[in-house]
């Protein structure tokens, strides 16, 4: 058996090229979902994100400025909401400020800024993903009490645990639940809802790797494309990824050793 | 009894100032609803309106460029979708072209343009409201067959009959139904879902009239504010609006006659 | 003596064409002045209106959406600040929302919205001008206590009394004073500071009237241009403007009577 | 003889700094040329790229998102056309999506997307340049039949063969020809038409290298600036570029050998 | 015989609804034509309107801010050029400033501003149309000497004489000529070149009138639609338009007289 | 004693992360200061940077496109001024052109372009900082005579000598002086004026380093974070930065030597 895991294919700059498309989809979707569950029928505050002329727009707070967060910001800005994005990476915030200028309020992510932002938030997007690790629980249950009843949290990274202490995975058929008057949307596989877009997005990213494997064969492909080599978990039955071997308590064999 | 009807208060330029706020809310909401019901779980095509880089965005077709249509366009543009708006009023299209430039494709509304637009539409917004009259059935059942299965129609003007032959009013708790593979969203009172925003929006528009009535008393207010006078349906028990008198087959008494 | 007053020349739509240019200049300047007096050296809060990536931008609250307010909004948006504009004219707010979209938060002007806005304001622009009347004192001394110490008020309409109870006219050489820890900038003739721009702006507006007077002579010009006729205060020594005659307790003679 | 070739000066990130300026010029020009040859007089479809309010704009399809393609996109967007750009580099598409948002439809370049795009294209820009290699013939003669008669192809990379099977170099004095009802514009040195802009653009890029050569002398300049060293083809009569030596079947001498 | 002239159909606000579409087309085209004839091959300065990063863009000067001028501005801005627009209508300039902000320099049209603008102009668009009258010759032959050799004038209003003393009508097959080193483009029927777009644009505007005539018959249509009545030149053989009767020295019969 | 200098902490890409925040603040402030000192009261030309509709806006010339210059450009564009930015780094100019499009004129920095730009400049921003070195005196005293009397220079980099020959440091309490009719604003610590914003900005950048030092202790922190190691000037009393040792003529000890 030879197995490649999407989530371990990794470019030299540490980007995970096969995860980006689903992060883009989920980030953009998160605002659509949030605006839906802000409706009264869905237990939300009854807020239209963009407001209308003369009426205050909603406030969207996005925690994390990576692929998910930046795509959420793009959609939130498009609704006309007030949008705040927090991240600890100043150079990323500078890029987002270049792109969105005064349309996006960027804040250093720390406890004070997060707490202040939650007080006026109608919609919070959890968008902090740490590759290969659990996201930190930035929003504790206690902090829910700062938020307005009926406000909504969309915890996009629920697959890796989420950034909200009270998050637990839900499904498209039963997507929300309420804790302390706050609506939680924590669907585990968000992109599945827009299957057509997601399929094209994922294929765009994966197909070039499939083609390279088909054209070159395994050995050459792994030797010439380090991103693909990093993605390899099992090669001819040997565990070739140290973390996987470690997690399963099995023997690790380096790819180089096999190839030579 | 003295009764004023929101829908007959009318400014000199024929605008209906007490209906505009709810049209703004419904127009903006229509895109949120449409994007939600495009999801697979909701029988839609599984399309993310904005697409992602490398994947075709969705196509939104808005029929009518009045308050509802222009607000729908603003939100649709915000999602990153391809947006086409049809209207028969060229001067309105020119204004929208000034505001949105290349982000909005404006088309003269006629059978050819409408038919062509439907063929590639993922989301159709019915936004044609004719004050005091039924909207024309611009989309016949036959035309549904031109559309892609799983595409969505949000018929905003359903309160006045809607522009789609197959539309019938639905509710927030059971908002959609399927005809010929097309998802119909025809909630009769859309703004009710975002009650908080809608209440402020409506109050902003109505309060100045209430204040004027309170400050001046009925007689002076009706004499000095013709918009308010147009809104008056019953004054001291007399029917003062000719259309209402006619519809109920009761006697019409002119306001002037009563006031003098 | 024949005298025409700039401030009474009036178009059929009630616009005051010879006052607009100075309102444009003052509205745009107001943000430059406000940003200057927010500096610590000038007793302000030490806030940069646009913030920087990672740091909260300043909040600008503009009271009034006419010529002054809309021009102030344009500049405030340009700095990257969060900008809120209040007005009682919904149709004006809708136009500004079309132009500035999510970059400008428009609010119905009422006591609740104004009070809430003041609490987080770094810079308040008084931009409410009522032609020929004192502006209402929308900000009372008591309300200053809601504001943050070191925040700044630029009361553009100080020539007509201003909208702030604690405003009194100042000069370019001594432009500010402090009341209850709030910096007041109330220079009576703001456009004088940018004399070059103001001169061109004013000349652009006045020259066509001067030309018309020169080409046609007084009698024809007043007969053919009602805006000019409204501007006429004294004609051949007779007071031809009723309000002026009234204010000075002198005899009023109608222009028509003189011309015939 | 010592000779440096513009097209082999290369930065560490593989960019060709002396070719970029002409790619920028050609990319931007391509839309002007295309809009001109869409006119009836020039055998085109008689389409105004931006349309007018109420009339469908033209569709521009750009093949390649490098320097040429991104600059073509910028101009095409400026005309108000519907613009689609195809590339196989997702990370480049993401950057363009950040910059142009919903104004640019980005698609993964593959046969399906290209074919679909051609069907509705009024103007196709060939913008795929592969440094030092022939561009692939992405548009075959057969595919011309998918396109609408009178549509226009501007094949910017004609100097390196172009991406269209039916392309052959033309001149500014006789720039177009027709194959299968499709107008082909394939001028070999497009930037020559805007000589003034091109001269400044090229000088901006080349002058710093010339200055470095003048200040340091050949030996030091080549040793200290690897980009310049890569550009060196002949040094004191020796062929120092392996590909050139190979192409001419002459002896290759490494620069290092000469310098030491 | 009954004849309606497109150019005399006139709305209550003096707009000429059947001329607007061709003005829109010509205004937008004017920038495409100008950019083409700025090329060296066409005797122009060899300037790319948008420049490239590091190189000065071209300067476009548009004389007149009506339909032609505003549409030319939209396209010129799209190219990335520096754009200046002159008009004598301040309220029109204010609207354009709202729409285009800092992207368009608006100037009061007077001799000083025009002269200064011409000195640095690469492309001048003559866009001053006075309904039913010859446009004034704002650019005299003498003023050509202020302009840079190789700069281009596109005199859009040539059908009504143009605004340039040295303009004379040309054709699509021989569109330009040179006077004093300045390229003159004065094609009399510019929209003919983009026949497809123009046909749709014109039909959009004219069809509703044709429909009204067909549905109501002549008498009712003229009675109920004053814009159409103004367009009527000949009714049952009688000259019903005073200016036409006057120009042809024939008897004028009022429409009212015939209808009664 | 162990001392870390903000200005020598340096990332692998040579960025100085602890200096960037103050450069951002100073760059943005520079336009506010410039617009203030263009007022007549402050000896300036009496120009409003944004002009008003019908009146020429001011011209801002920014020398340098790094952090200071790009932030100055963002603010200058926000005022509606005409903005020109000069830099010798074409790839930086291309990025700025992507972000700001036609709103920013980018020019290669050379003597011709600089000289031409100064002739029409109302406001010049000196924004050329060379890490660890004196900025070149790009504007000589002689060149001041090219500028219009009353125009303003804000020399942001005055701390490192500034780019103007006639610059000398000033203070917030006495910020300007006049040389050859040109207003010089050369406050040495500009960000001090907006202390609140600056404190947050600086803390955002420095706090992560402080945290790392606290968590890991000196030895580990310096070993694991090369940026921090570069910032170390004195370690346990030894001079560990060669330039510092050299400047003070003291003994240099390498960090590695101490740590081992």
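Chains here go by letter, A, B, C, D, E and F, matching the order in which they are written, and residues are numbered from 1 within each.
The working rule: a contact is a pair of C-beta atoms (placed from the backbone, for glycine too) under 8 Å apart; a residue touches a chain by one contact, two chains touch by 3 or more.
Keep in mind that this is a model prediction, so the values were computed, not measured.
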A-C versus C-F: which interface comes out with more C-beta contact pairs? C-F
Cα centroid separation, chain E vs chain F, in Å, comes to 48
In angstrom, rounded to a whole number, how far apart do the mean CA points of chain D and chain E lie? 36
Separation of the C-alpha centres, chain A versus chain E, in whole Å, is 52
Touching two or more other chains - residues of chain C: 21, 24, 50-56, 74, 77, 79-80, 90, 99, 101, 108, 200, 204
Chain pairs that touch, all of them, please. A-B, A-C, A-D, A-F, B-C, B-D, B-E, C-E, C-F, D-E, D-F, E-F
Residues of chain D touching chain B in the complex: 50-51, 53-57, 77, 79-82, 90, 93-94, 96-97, 101-103, 105-108
Which of the residues in chain A come into contact with chain D in the complex? 17, 20-21, 70, 74, 99, 200, 204-205, 208
Show me the residue ranges of chain C that touch chain B in the complex, using the header's touch definition. 88, 90, 98-99, 101, 108, 110
The chain E residues in contact with chain D across the complex are 21, 24-25, 28-29, 32-33, 35-36, 38-41, 45-56, 71, 74-75, 77-80, 172-173, 192-198, 200-201, 204
